[in-house]
Structure formats: structure tokens, C-alpha cells
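Structure provided below as C-alpha cells; questions to follow.
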Amino acid sequence: MSTLSAWFGRIHQSAKTVVIGMGITWRYMVRPKEIITIEYGSKNRAPKDRYIPDRHRGIHYLESEKCIHCHICEKACPVDCIVMDGSREPFSGAWQGDGSYISKFTLDLNKCIFCNLCCEPCPKDCIHMGQEFDMSGFTRSHGVKNLLTDQPWSAADRAREAEARTLIEAAEAEAKARKAAEKKGA
Amino acid sequence: MAQVNPAVTALAAAVDKAFGAKITERDLNGIEPFLRCEPATWPELARFLKDRCGMDMLACLSGIDRGKGQGLEAVYNVESCAAQRTGISIRIRVPLDNPVIPSVESVWRTADWHERECWDLVGIRFEGHHNLVRILCAEDWEGHPLRKDYKSPDRYHGIKNNVV
Amino acid sequence: MSSESPTTVVNAGDLRTEEMLLNMGPQHPATHGVLRVMVRTDGELVLDCEPHVGYLHRCFEKHCESVTTLQSVLYTDRLDYLTAMGNNWGFCMAVEKLYGDELVIPERAQYIRVICQELNRIASHLLAIGTYGMDIGAITPFLYCFREREKILTIFEHICGQRLNYNYIRPGGVAYDIDEGMLRLISEFCAYFGPKVDEYDDLLSTNDIFVQRTAHVGVLPVKTAIDFGCTGPVLRGSGVPRDLRKDQPYGIYDRFEFDVPVGSGERGTLGDCFDRYMVRVREMRESLRIVQQAVKGIPAGEIRSSKIKAKIRPPKGEAYTRIENSRGELGFYVVSEGKEVLYRVKCRAPSFHNISVLPEISRGAMVADLIAIIGSMDIVLGEVDR
Amino acid sequence: MDTQTLVQWVLGENPGFWPQLIGVVAAWALPITVWVSLVGLISIWLERKISAHIQCRLGPMEVGPHGALQTIADGVKLLAKEDIIPDGADRFLFALAPILAFAGTFVSFAVIPFGPDLIIADLDAGLYFLAAVGSLEAIGVIAAGWASNNKWSLFGSVRAATQVVSYEIPMGLAFVTVAVVAGTLSITGIVEQQSGMIWNWYLFRNPVMPIAFISYYIASLAECKRAPFDLPEAESELVSGFHTEYSGMRFAIFFLAEYAAMYVVSALASVMFLGGWYTGIAPLDRAVAESGLWANALGALVIITKSFALIFVQMWLRWTLPRIRLDQMMTLCLKVMVPIGMFTLVIAALWQALVPEGAALDAAGHPAHPVVGSVTGMLVFVFLIVGGSMWVRSTIRATTSFKTANYRA
């Protein structure tokens, strides 16, 4: 008799757990609210309901006016992807730094491992990692960024990001206030 | 200095009683308590540690090239798996020209892969190992990368090594 | 030692079957990375298997001999790339041990380290459980686990700017401070994550097909486990309550109360794949408890010891430390000559041991079980090959 | 207006044997090909959307509204993709295998009805024909695995051989049970007897028919290698089973064959158990019965919705359950499905013999009033459904995750 009860028990057990599993998947299927994937459209850089954390290590940007050309970031980089050149005396076509004239400041994103070791020791705090994460390009040389000229994460981007953040935080605060009011009301 | 763990001193005392002069060097109150012995006595000491002192797990075997003519060294960290964890490290120095240490694969099965890795990267040969073959580098790789006098080949089977 | 699972098929006398040498990997969907297993099979039965490793060998130890101590912290991120915080902490603890006793890590840094390590353990276990479900054939739990893991990675992105290679825990403390917003995110995640673990239990752990596929499969006896140096959930799955956070409390783990889940052979024999899986599920709950206690008790204060200057030059000496990473006991043997560049760094990787036991426990299993066993070992080839 | 007159209208009075044959084949092969590819497109898109929503994802959104044209884009991609034949492969067999697999499913569309007279070949042994043709697909799969000179596909094809062949027994038992109840093997004959109210369906004809339906459904899952039984193309173990080495159009044919087989099996289930093209509301059927066009349109709509409902459940199962191991699959077949199949066959036969059939049949040959058998069957079914849903509700409510779940985003 025991084998028969075991036989039926086995069927009951598998049927029961199959049903539990299907119950859970049904719950997620009928709740479109649970969908969390965001459509990565080229149009909306930072999706409206999310902002990029400000410590995000994206493509670097350089405030070249503050740079004193001390090569510390070049030495600190473990993969030597920063190449800079310049001198103390002024020469034609040079970028004006803080008491120094820079002719070349390139960062090779193909080698960079985004460890932020270049930004920490900088005495003038002029090299930062921005929140620009789109590094796609068709050629290797596209990865070599000249931080003097192109500003992947310019001041305008920074302003837009800050404004997006205030909007979102305002919305969150307002939602929290409404929820608190409801709780008090209910 | 770090106060010495009583269990380690007890363990060292037991080893001393059994092996006496064969333990050539002992330093228990450094940050890394260790004993040193000759390659010849090592299998016997390993068997003793495992059976009588309860050191049933070989945690780590590090091969180090001491450089400038000081030869190679294998550091065995052995531990006991009991709740109150005690462990000690055994260092064995071998000359550079004939770096041979008897294998303890029969004592701890994990030594099999560790010794193969030590042979592969540092070049210490473990006698009595059932198939001492490279484990991390390619089978036909020349030289032992972690030796101080190692120069990395600029070509492997025609593939250029350092892509600028 | 053929496992006594009911599936051992007796070969009828006259049925002559040839053995086939099957090459599983290094590029195979279920080997969790570039592991190659040479399997000698007789039909579906695995007669013997031999793992070949080394396909992801990036000579981590050679790097550490040519790069300064501070720079080699970021190479440790690439070892067990699923629990990079644990690697950072292990390496930094070894360097701090070289300084001996006069280096004291500030309280706040200790709390931040515990929070980051436990969150990272949850994220790593989530991936382990998700991929294990996928190895057995259930694809949906993988997506649910990654939904939760995504939340943890976003928290890490707020804290240190990177989602996987953090380079956050430095010798002497941590790199940046945690502010109120991040603590709020973490406590929100803890509240959200509690019930979700129960959901995986219902979806996967109690599922009868999953239990059938994992109970009695890949039974790892205690003696073999210790002999091969297996640690972490693999050893705890076989019933040995060994957890470094309890046995040798490092950092401030002795201040938190949590218990160590141990395999008990509830659905099959002790030490089978199901036990290892259940240990990981329960460990996630324990880590959640630790994070909640740590977030409540975190004090104010500076986050890096002032003794460590910008140029880290550890004093001359050798040190071996071990840390309970999500896959087991991660050890670092560090030799320093007093210069800025370390003389020798040896990393003792838990997955290196966990995968070496594969031939012992997969004889007599079926090919489908071999995948289940490799999945239950939860190996990461980054730290096996270093 | 059967095909004969259509062909004569096109080719003139007596066009001779061969043009006649080609005409008939063309007359029916064309709509069926269109219908098979339509079913393929819809169910592939449906599967990707359902799996996405189950897994909190969006699914295809790029091509067309909600990714509606995604499958067409995939089809074009597969057409354009290079069609590699691995060296060392048996070239002829490698090319033949997908055609064999697709032919097996394509031919069984001959007996699948879409309406009262929308059926190509109203064979009086339709069910038997289906059982026979079903195994042709297995030969295609085995040939594919063997021909692609790859150990993994060999594994996949051997597993497919064991699975498809061994699950034909429980499926055959289900066919025989329905044949016993219907008294005929012809598909239209079976459906005709299920007209009238809903309790006239075979599902309620006698108490064991629901069990036969469930066991048939599980066996059909194994037949088209889906859900817990997808061992032949186990992604995580065998890379992707027998069609590892296929790419381009050949892979598309395999893919289409799989989804077409799903439709065939679901349509068959709705024909055998769920009353085919009858809606189950007698007055509605009778009202529509006079005008041929409307009867066929409603019939087609009804049978297609029933089939797609069953396809939906197949997909839902696939994205919930893990995969069964080979020996568990065999034990399930031999130790569980076959005994249940035989039990239901014996009980159905006894029931058919002992319980008196309804005496009078009304003018159109439909049973005039509910026969005793189907009433008791209906009661048993209602009991099963009510008890089952209460049991399901209690088990789901008992799960820890339901008690503690907070379903905010």
C-alpha cells in the first residue's frame, strides 16, 4: 500500500509545486507595473524618473584653466592612459593653465579602466570623471579623448543633470508628503 | 607585538618534541608565526601535522623567489578545521639550481593543484606528484613567470606579446 | 565513489557501449566562464571528468609585482568579479596586517566595509541562484534575481561610482564617504528585499522538479571537502559550520549577531547540490540582517586612517590573511620589502579549491547532473585562474 | 464548393490526372502554408511577449507597435543569414532533416479542421493518420542530430528519439480513449458528437475524461519538446541540442516546425476534448448553422481561440518550470503516464458500455437531450474544477512569499 500512496504523493507534490510556481509567474504577468526595464533611447539621455549618480565614473573632463601641469595624474594611472605635454613658458597655440601652458592632454579610453586613481591625487582638483557613459565609436582613435578641446561632460550637461535631480527629488518629496497625508487622513 | 596565540605555541611545542633539531628555525611572535624545515623532513612533518595535530586543511601554498641567490621558497599555510581555528605556516627553502621538494599530495589532496601551480609559476619541482603539468599557463610555455629573472617572450606561437 | 542516487543504471552484460570523450567548454553555456571539462561519458553517464583551467589567467600576481600597492587594489577587483568588495577588503587587510598593531581603522570605515561586503555577498548569491536555476532549466528566476541585483549595483554606483569594479576599499579605510541619501537607499533595499527571498523559495527551492534535479546529486562527503580545501557554502553545504566571520572574526563582525546556515540533507543526502543551494539562499537572509544592523549602528567619523599617507609604503614583512568571501575563504599572502611596490602577492582563491573537487563527486552522475554540480559549486573563473 | 469543382472551374472539364492532382494540392497547400507561417509568426511573438511580461521585461518593442513586426524582421534576417553546413557533416541528410521535420507537422494540417467543412481531408481514420504522421517529425530531428557531426547534437537527437517515441504511447492511449467514447476515428465525426450545450463536450462525457485531457496535454508537451521536457534542445546542457549547427533558413524551418507542432497539438486537444468548432451554446450554433459562411467563420474563430489558449498555457509552463532529467522523463512516462492512460481507457470503455446513451437524436443527428454520461461527467468536472481551484488558492496563499510580498514597484 505504501508504494501506491508514495505514487499518489509524488503526483500531488509535483502538481502542487508546479501550481505554486505558475501562481507566482501569473502575478508578475498580470502586473505591468512590475516591469523595470528602461528603453535605452538615444533621445532621453537620463531617463526622466532616474538620474545618474554624481559619483558615476564616466568619461573624464578637465578644467584646464586650473591645471598646473604637474603630471601627478599621469603617474598615478596604472595603465598609463593619460599623455600630457606643456611647459612653464608661454608658446603659441598653448592652452592657458594656472601658471602653465599645456599643448597636449589626451586620455586613451581604450586603455582606461575607470578606477578614479587619477582624480584623487590631483592637487588642483581639476580632472574629474563625468557622467557621460556613451563611449561608442567606429575607430580606435575615437577612444582617444583630447580633454583640452572636446568636453564630453560639459558645464551644460552638469547643469542639466543637476536640474533633473532637483526635479526628481521634488517629485519624490511631494509623493512622500502625499502618502504621509493619506496615512494621516485614513 | 601581537600576543602569541596559545594554540600556536602548543602546536609548535608538540612539533618540537617530535622533530627537535629538524626544525631549523622558529619564529612564533612575529605577525606570521612560522617554522622552517628541510625538504627531506617535510613529508614526515606534513603527515605528523595532519594526523596528530589535526591540521586537516592545507590552506595555501605560496612559491616565492627570494631573489639575489637566496633560492626559491615554498610557504605552506596549514590549518585545522575545528571551531577554534589554529594554523601555522611552514617555510621550505630550496636552491635555485635544483629546486626539488617532496610532494605532499598523499597527505592533502588539495596539494595536487597547488603544487602544479607552484611548479607552473615559480618552478619548484615536486617529486612524487602524479602528473606535474602546468595548470595556469599553456602546456608548452617556457620559463616560470614569477621568477625574478623571468623575461616575458615577445612572441608566443607567432602572436605578438605586447601590443602597444 | 558512485553516488547511491537512484539513477545509477546497470549496464546489461551484452549491451556493449563505447565510451565517448566529450569536450565541455571552454566555451559552453553552463560552465560559468572559461572552464573546460574533459568528460569521458558512456551514453549519458559520466565515467570520469577532468577540469582544465587557466583560460582566464591574467597573471594577477605578476601585475602586483610591477604596480604600486595602491594600484594593485584595483587588480583585485578582477579576481572574483562578482564580489569585488570582498577581494579589495582581503587584500587591504593583508597590507594592513603588515603595518602591525599601530594602524587602527576608523570605526566608520569598518562599518562601511561590512555594509559593502554583505551587500556584495547578497548580489553574488543572487547571481549564483539565478544562474543555477538557469542551468537546471528555469529561466525566470534568473531574471528575478537580476532585478534585485540591479538595485544593489545601483547602490554601489551611488557609493563609489562603479557597478562591478569598485576599487573602493583602500588600505587604511575606504575611498569615499557614505552620505544620508545612500544609507536611505540601502535601508529601502533591505525592506524591499526581505519578502523577495521568500519568493525564490516558493518559485525554485520548493519546486518539485528542481528538488528532483538537485537532491542526491553531487554528494560531497565532509572528509573529501576538507581534504580538497573547499570552503564557504560548498563546505557548509556538507554540514561543517565553518564561517570565518564567526570562527576568526575580522573587522567588526563580532558585533553583529547572525547565524551560519549549514546543509542538513533536508531533501536528499547531506552535502548534495540542494544543500549547497539552500545554504546560499539562507545566507542571503543572514547578510540582510547584518546590513540592517550595520546601517542602524554606523557612527560618524573619518573614513581613512591618517597613518596611511598618499604613497602607501608597507613596512618589510610577510603576512597571510583570510576573509570570508561569498565563495569561501579568500586568502592573501603578501610579502613586502618596504618599498612602494610589493615583493610578492599570492592569492588563495576559494573557487580554485571548489572546482578541484569536481572529479571526485561527479563519477556516475549524468551529463545533466554534471551541469547541476558545476552550477552548485558556483565557481568564478576570474579567481580560479587569477 | 469542394476542391474538385474549384479545380475543374480553373482547369476546364477533365484536365487529366496529373494536372488535376496538382490543382487540388495547390488549392489547399497554399492556404495551409500561409496559415502555418501566420501561426508561426503570431506564436513566436506571443512567446516573446509572454516571457517578457513574466520576467518583468518589456519584450520586443522596436519593430512595429509593441514589436508586432519583430518576427517578420527575424524571418528576413534568417533568410539573409549565411546557411552554414559544417564540414564533415553528411550534407544530404543535413539538408533533408529540416524538410523532414517540417513535413511531419505540415502534413498533419491535412486533418486539422477549421470549421464544419473547412477541412482538407475528412478521412474517416483522421486520428490514426495523425498518430502515424506525428513520428515523422522525430525522424527529422534524429537525422538532424546525426548529420551535423557534432557530439552535442548527437546527444540532443538521441534524447529526442527516446522522448518523442516513448511519449507516443500515452498520446496513443488518449487517442484510443476518445475513439472509444466517440465510436469513430474521423475528426469531423468526433466533433459532430460534441455539438449542443457545453456539457456535451467530451471533456465532460465521463468522469475520467478530464484526467485523459491532462495526461494528453502533458504527453503533447513532450511530443513537441517543450516546457519541462525540452531535453533535446536543452540550452544549458547541450548548447542547443539537435539544431546547434543550423543557421539561416534551415534554422528558421526547424523553429517554424516547432511552433506549428504546438498549434497542431493544441488544435487536436480542442477537437478531441473541447468540442472543436462548437461554441458550446446550442442556440448560437443552431442559429449560425444554416448559412455556410457564418458557420465556418464562427467555427474557425472558436477553434483558433481554443488552440491559442492552450498554446498560451504551454508558454506559461515553459517560463515557470525547470527541465526534467532524461531518466526522470522516462520514469514519468512509463510509471505514471502509461498506467493513468490505461486506467482512463478502461474506465471510459466501461462507462460507455454501462451508462445508457441518450435515446433520441434530433434531426441533425445531435443528441437531443443531455445524455446521462455527460451530466455525471459535468458534475465530476465541476467538482474537480471547484475543488482544484480552492486547493490551488490555498496552496498559493500558503506560500510565504504571498503572505509577505509587497508588490509595489
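Letters A, B, C and D mark the chains as written, and numbering starts fresh at 1 in each.
In this text, a residue touches a chain if its C-beta (ideal position, glycine included) is under 8 Å from a C-beta of that chain, and two chains touch if they have at least 3 such contacts.
Not measured: the values here are computed from a predicted model.
Shared contact partners of chain B and chain C, listed by label: none present.
Of the two chain pairs examined here, A-D and C-D, it is C-D that is joined by more C-beta pairs in contact. Chain centres defined as mean CA positions place C nearest to the mean of all protein CA atoms. Ranking every chain by how far its Cα centroid lies from the centroid of chain B, the top place goes to D. For the pair chain A and chain D, the distance between C-alpha centroids works out to 48 Å. Between the Cα centres of chain B and chain D there is a gap of 64 Å.
In this assembly, the C-alpha centroid of chain C lies 45 Å from the C-alpha centroid of chain D. Among all residues of chain A, those that touch two or more other chains are 16, 18, 20-21, 24-25, 36. Shared interface positions of chain B, defined as residues touching 2 or more other chains, are absent. Across the assembly, chain D contributes residues 54-57, 319-321, 399, 401-402, 405 that each touch 2 or more other chains. If you sketch which chains touch which, the pattern fits none of the simple shapes: not an open path, not a single ring, not a star, and not all-to-all. Applying the touch criterion to all chain pairs gives A-C, A-D, B-C, C-D.
If you check the complex, the residues on chain B that touch chain C are 1-2, 30-32, 56-60, 62-65, 75, 77, 81, 83-85, 89, 108-110, 112-113, 121, 134-138, 145-146. Interface residues of chain D facing chain A in the complex, by the touch rule stated above, are 50, 53-58, 61, 316-317, 319-321, 335-336, 392, 395-396, 399, 401-402, 405, 407, 409. Across the complex, chain A meets chain C through its residues 13-14, 16-18, 20-21, 24-25, 36, 53, 55-57, 76, 78, 113-117, 120-121, 129.
By the touch criterion given at the top, residues 7, 9, 20, 22-23, 28-30, 44, 133-140, 143-144, 147, 192, 194-196, 198-199, 201-204, 207, 209-210, 212-213, 366-369, 371 of chain C touch chain D in their complex. Every residue of chain C that touches chain B in the complex is listed here, in rising order: 53-54, 57, 59, 61-62, 65, 97-98, 100-101, 224, 226-229, 240-242, 247-248, 317-320, 322, 329, 331, 333, 335, 343-344, 346, 348, 352-353, 356, 385-386.
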